[in-house]
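Multiple structures follow.
One chain, chain A, appears in both complexes that follow, with chain B as partner in the first and chain C in the second.
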Partner chain A sequence: MSTTPTTFTATIDGSTGEFAPGTTILEAARVLQATIPTLCFDERQDPFGACRVCLVGVQGAPGPLPACTTPLRDGMVVDTREPTARRVAGAVVELVLSELPEPPAEHTELAAVAREFDVTSSRWPGKQHEPRPEPRHPYLTLRHELCISCGRCVRACDEVQGTFALTAIGRGFEANIVAGLDEGFKASACVSCGACADTCPTGAITELSLLLLDGPEPAHRPEPATR
Partner chain B sequence: MPDDRFESNATTTCGYCGVGCRLETHARDGRIVSISPALDGPANLGHTCLKGRFAHQFTRNRERLTTPLIRGEDGELHPATWDEALERIATELTRVKTQYGPDAIAGLASSRATNEDCFVMARLIRAAIGTNNLDNCSRVCHSPTSFAMRKAFGLSGATGSFADVDHADAAIIIGANPTAGHPVAGARIKQAAIRGMRLVTIDPRRIELADYGVLHLSPRPGTNAAVVLGLAHVIARDGLVDQDFVDARTDGFDALLDLIADYTPQDVERISGVPAADLEEAARIYGEAEAGCLIWGLGVTEHKYGSEVVQLLCNLAMMTGNIGRPGAALLPLRGQNNVQGSSDMGALPDTHSDYRPVDHEPTARAFEAAWGVPLSRAKGLTIPQMFDAAIGGELRAMYIFGEDPAQTDPNTTHVVHALESLDFLVCQDIFETETTKYAHVVLPAASFLEKTGTFTNAERRIQLVRPAIDPPGEARTDFAILSAVSAALGHEMPYASPEDVMAEIAALTPNFAGVTYERLGRRGLQWPVTADGIDAPILYADTFTTANGLGHFAALPYQPPGSEASDEFPLILVTGRRLEHYNAGTMTRRTANLELLPSDVLELHPDDAERLWVTDGDLVSVRSAFGRIELHAEVTRKIEPGHVFTAFHFPEVRTNLLIGSSADVNTSCPEYKVMAVDVRPVSEVPARVPALVAGD
Partner chain C sequence: MSKNLVELIRRHHEQDAPTALEVLKEAIDAHGTITDDDRREASRRSGLPEATVYGVSTFYDDLLQPRGERHVRVCTGTACFAATGDAHVDALRDGFGVALGERREDGVVSLAETVCLGFCHSAPAVRDGDVIDAGPGVVTRVLEDRARAADEPAPASLLEEPVLTLPGDWSGLRATLASGTTPEQLLEAVKEADVRGRGGAGFPAGQKWGFARSAQGERKFIVANGDEGDPGSYIDKGLMERSPALLLEGMALAGYAVGADHGFVLCRSEYPLSKPALEQAAAQARAEGLLGADVLGSGFSFDVSIVEGAGSYVVGEETALLACLQGLRGTVSARPPFPAQSGVHGMPTVVNNVETLCNIPFIAREGAEAYRALSPGATPGSKLVCFNDRFVHPGTYEVPFGMTVRELCEDVAGGLIEGRAIKALQIGGPLGGILPASQLDTVFDFAQLAVVGCMVGHGGIVAFDDTTNMRDVARHLLHFGASESCGKCFPCRIGMRRGYEAFAADAPVDRANLEALLETLELGSLCAHGGGMPAPIRSLIAHFPDELGLA
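Showing the complex of A and B:
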């Protein structure tokens, strides 16, 4: 009968470390200071494994594996620069960008990920999301056209705040996020904690005060509170 | 890559509630643009609420005090220079002191200000003026908790940390509404309940967390003692006592056993209205837990016997051994950002820092040696005693900083009469308040986003406060102002910065011995901190801090509250908080939070509403033996029949006109939570702001 060792040894990009069973590749990589880009991951939430931007090569595995949800095995050897993993992950980023009406703002996580993969434009120009009005809230706004349906805001509302005010709606290209039953933050169960804006990697949900820094607002966006 | 949208960033500690969220502030053009939670904040774990994150616009509100104000011959406040204001204060306080003695002067320190500010205030009052007439607003919130925990265990503070909620398999929340009053702690408790922690909520209102718990008890306001004694009865009856712990670590259990024999579930049901079966289930949930937490707020303390109920809660923890281990903590939810610290610092009439009595000779000598002046050994006045003394003529001058008793203290009519009776009143604040209306000099202070220092949160965690922006106009930090006032009174303090003050606090305060700003770093330290910098997330693992090292049971019977329903006043008013606003609302009412909650309502059960011919949204009058207010009704099943609820955030409502002078028997913490009232619909258009009548 085999016994489970109390620690696993793993090697990532040539660095080796000891880790507790259950540690994910991503967690181990951060300890060993190996860079793995992520998009749907937030350390305050359970790993979600939806975006495939964190794909890495694992010796012996049939294909790339998502680092955020894959637990280490003893003796695992991981290559974060493995060409297939990088190519697939880069294509994911390119597809995500193809849906947006404009490139992501420089400070956003999505922009950082795009820089990491050297993606500046998409080979697949196609349908893009249209802006639509969002009911007024004194602090928060939701620009639906920038939503990439990563689900981080919904999970922040559920797993960090526990208010369950945000909803994922639609399928495929129509997938998006709404507050409550698409009634806006203020009329929904939202408690205005801002955890969604804090985690959003594209600025789709953001603070009005930050939008005002970037210049004049598009016409449909609400005026900030002047009180 | 650095975010070039911002010109400066600072990591600080939130100045709203006692959770102590660590915040990242982002500023541009001298204004705060955005605030986000620090991912490594031990209390908030990368989360914060709408107050900490968004309610910062008050810092640049046009009503900010930006220059000292002096009341002129015309009775109005006029802008003045700092030199004029300081000279006026020195002249008046010296005159009062010469004519009536130092005990004719009193000071209120602020639980919103830093530890350093409160320590400097204590030195100003004790050394520069020479009296122990010094108090802070924990008097009106958690002074019963401090009193009771010191009696039972030794130290005045939570026995563990918020992290214990993550490790508990059961918890009882009594007299607190954390998702509104302490939103980030509330979210953490809610997540624990969703993961399977068995949560019992005990409150006259059906609080939000009741929907995530396994059981909710709604006792009649003022009957907490009976409920907690009943829980102890069932725990003992059903063999859930941790006898090894009781034998080895405590004393006084037999007296408690004798007492609780009289509190059968049926007796408790008769007193409190809580069904006997529910009480039994609640006792088993807590008594059978491997690790259970007790969490409470002002719904426990702000009662005539509030301090006794806290002692009874300490009983529950000791008889089940739920103390001194991970997941087994007693967590009083401290209301304000530094209500723990202001008391730790000795901004109290009877204690120096570390709660050492003012007549404790070695302590008094140590402070005399450090400050170079003789100190009084006589206890000073508590806040309610100060107001009584002002009306009686023994108290002639007050120095109030960062507090608005004319809005927040009970029996507003009495408070205003007291303030009007003073010869001289100094207020130090960031805005004009209800209290500054009676001030002779008003000094413009800096907000928590504009200063350096430390706050101590509800888990005894001392955390750094760093300025995000500069104070507006000529406003100065409380530290700078209090130092200048002390110098003007002839007592120079030797501190160049708040960090110097902390060095002296550490030198004079055993529980702070190893505290330095460097060691506090990003995560803070939970006192007691040893000289080599080791802190204490969990207290009492091996021994209690009492004289004999044992935890003390308290056998205290249930006694009825100070106010009971009668034919004239048939409903019981409970007061509390709303998520969107904070205490007196001085800050949150000057942000867009006002758009989220523009006014207050009186919560009323549908049965009462029907009987009183009130429909949702109607204007109603609420009358008690002490006063009358008007506001709109919200008909809701959140509140039980026979009870009504409102908050105290809006000065135009003047909720505290209704509250009388009944107070905790040990600490004089007011009984805000039980007031018999009469509610009636108002048919005509009212005068929205009730007039204040001078005199009692």
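Showing the complex of A and C:
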């Protein structure tokens, strides 16, 4: 009778390493310094498996597999540049850009992923999310139309902060997120910790102080103390 | 699924708290709308955070709109579409003077879409309150406020000794407990019988049971998936409403084999008669000592709870079903963990389709060999199939695997009405491929149907007759796909919408872009909803390219 080995050997993009059972392809790839783009993944949270941007090729598998939720198997051979996986992941990025009423801001994770896949437009234009700004909080602002339903803010509020002030709403294309009973951060259970803004990959949730940095520099801004 | 929320739910369940979804359903049934006070009440009683409850209240069809004094739900399933081309939907909307998904200003009537009511044998179907009317004249009757409950044909069996069209008499459980058959022996028998799941995926039931049996957990659960959402299928409806004892017996046997002491049936709210039928059968079984503590003095304990969904196709997927059962949004979770490791309340759970479980009493009573002999040379066991109203004899039939589709359509269901010809069939639900008339000699079995891009699926057989426009079929299917997407994975959430938009526009569809979109859905989606929808669209491209308006 075979027993589960204490470590697994896996090869990713030609580099081989030993990993504990339960390690995901994405975790192993990061150890082996193979780059796999992600949108719904945040290492502080349980993997979610929603964005499908982390699809990779696995030798012997019938199709691409999501790196974030697929556990390694002993002897697995992974190709992060496998053409079908990259084609499908790139198409998903195109779909994401097609739902936004404006291109993602340069500094966002989404913009970086789009650059990684060299995606600037979409073959599938269609309905976009309607602008719906929500400025009812002194420190946090939410632009619903930039939300891509990656669930990171909801999970940050649940798994990291334990506040449960956020939820996914709707379904299908109409999915989005709200605070409390759709009453804004301020009236909800939100404790203004900023974990949601910190993890948001599109700038849908931002801290107002960061927003101000994009504006003109205040005249009274102090000089750095030392250089 | 959030581990924190599931743990909250487990602790509140131990205190007999209702789920958030149950409280929200009570609210809309009581006063036709859901207010923030209702949500706060649901939060307080279920123990879930207010935001989480809000998310639940925006997910399910049944909770979405303010209802009029009369809440009319018009079936937009594939059989109703095949019968009228959606003319019945337009007629109700115009007749009532209210848009789909709206309540008329005077508050008298609200009109909603529903998919599907399971009256595919007498399409189109309309639900007025809890009365489901169907067939010719239904629109006029509903508009004149004189809807009447439509008849449902009794299922028939082609087998010498029916297996699945019986009411159920608990003889399999009695035989198992009386003979001293051990749980291990019963599990082995189910494995030997090679019962393939009847809900769509065809996964071997015995293997699933084995995983759950060997998994570690304080408790284990059996869940019967009665969320038969596939438009065109009313097989599990018939089982839950006409043979509820057979299902409960199958669940008890599963519990015995796996080491579970409790089961849940999740039945659809589109079938208002299912929950009462199951509850009545459960009460009778308890009275006879067949459910509850120490079943028939054997030391084995097993009881059931009957839970009703709230309108969502994707809840038929097992992880979404578990979320719904626990009162959460019915979205899909990535596996692993599989339900056999972590299901209801985070405990090892077997999720089997209703028909799958209804096969178990026969195996317990007659043995694996007798079961395998039901369909010589083909998939073991028998299969329930059902036909839409385009056929001369629509209804549910128990058939052996291995007949040709032509035999099923012509000999069993009598061919089409009005002398019409079959243009194409959709078999097994909306994610099944479409079989053109030229391939009717395909054998009805898992492997052979797969060769032609089709599947056994749930067993529903919907005929499109020679008047059907196949571009309308593509639009119909993608409308269903987009409106039922749970919204979790990106390919399905956005891609299904884009597919629908392409076919809804009055313009040619770019073939290369369509093929790329289908690839993205098929290979990128998290579950079979997005992954399966390309199959029928590909069939349409292959067999009816000229009708689709491709460029």
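The rule is short, and it goes like this: the second predicted complex is superposed on the first by the 212 of 227 C-alpha atoms of A that agree within 3 Å, B and C clash if a C-alpha of one lies under 4 Å from a C-alpha of the other, contacts with A are read in each partner's own complex, and residues count from 1 in each chain.
We adopt the following convention: a contact is a pair of C-beta atoms (placed from the backbone, for glycine too) under 8 Å apart; a residue touches a chain by one contact, two chains touch by 3 or more.
None of the values given here were measured: they were computed from a predicted structure.
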Chain A as common anchor, with chain B and chain C clashing or fitting: fit
Touched partner set for A:A112, first chain B, second chain C, both or neither: first
Partner chain(s) touched by A:G162 [first = chain B, second = chain C, both, neither]: both
Which superposed partner A:L95 touches (first chain B, second chain C, both, neither): second
Partner chain in contact with A:T23 - chain B first, chain C second, else both or neither: neither
Contacts of A:E43 with chain B and chain C, given as first, second, both or neither: first
Contact breadth on chain A, by residue count: chain C or chain B: C
Contacts of A:T11 with chain B and chain C, given as first, second, both or neither: neither
Minimum C-alpha spacing, chains overlaid - chain B and chain C, in Å: 5
Interface residues of chain A shared between complexes with chain B and chain C: 159, 162
In the complex with chain A, residue positions of chain B that touch it: 1, 3-5, 28, 33-34, 36-37, 39, 45-50, 53-54, 57, 179, 183, 187, 190-191, 194, 212, 579-580, 590-596
List of chain A residues in touch with chain B within their complex: 43-44, 106-107, 112, 138-139, 159-162, 186, 191-195, 198, 207, 209-210, 213-214, 225, 227
Complex contacts: residues of chain C adjacent to chain A: 2-5, 36, 39-40, 49-52, 54-55, 58-59, 312, 329, 331, 333-336, 482-491, 493-498, 501-502, 510, 513, 516-517, 519-520, 523-526
Chain C partner contacts - residues on chain A that touch it in the complex: 39, 46-53, 55, 63-64, 66, 69, 71, 84, 87-89, 91-92, 95-96, 98-99, 123-124, 126-127, 148-149, 151, 155, 158-159, 162, 164-175, 178-182, 188-189
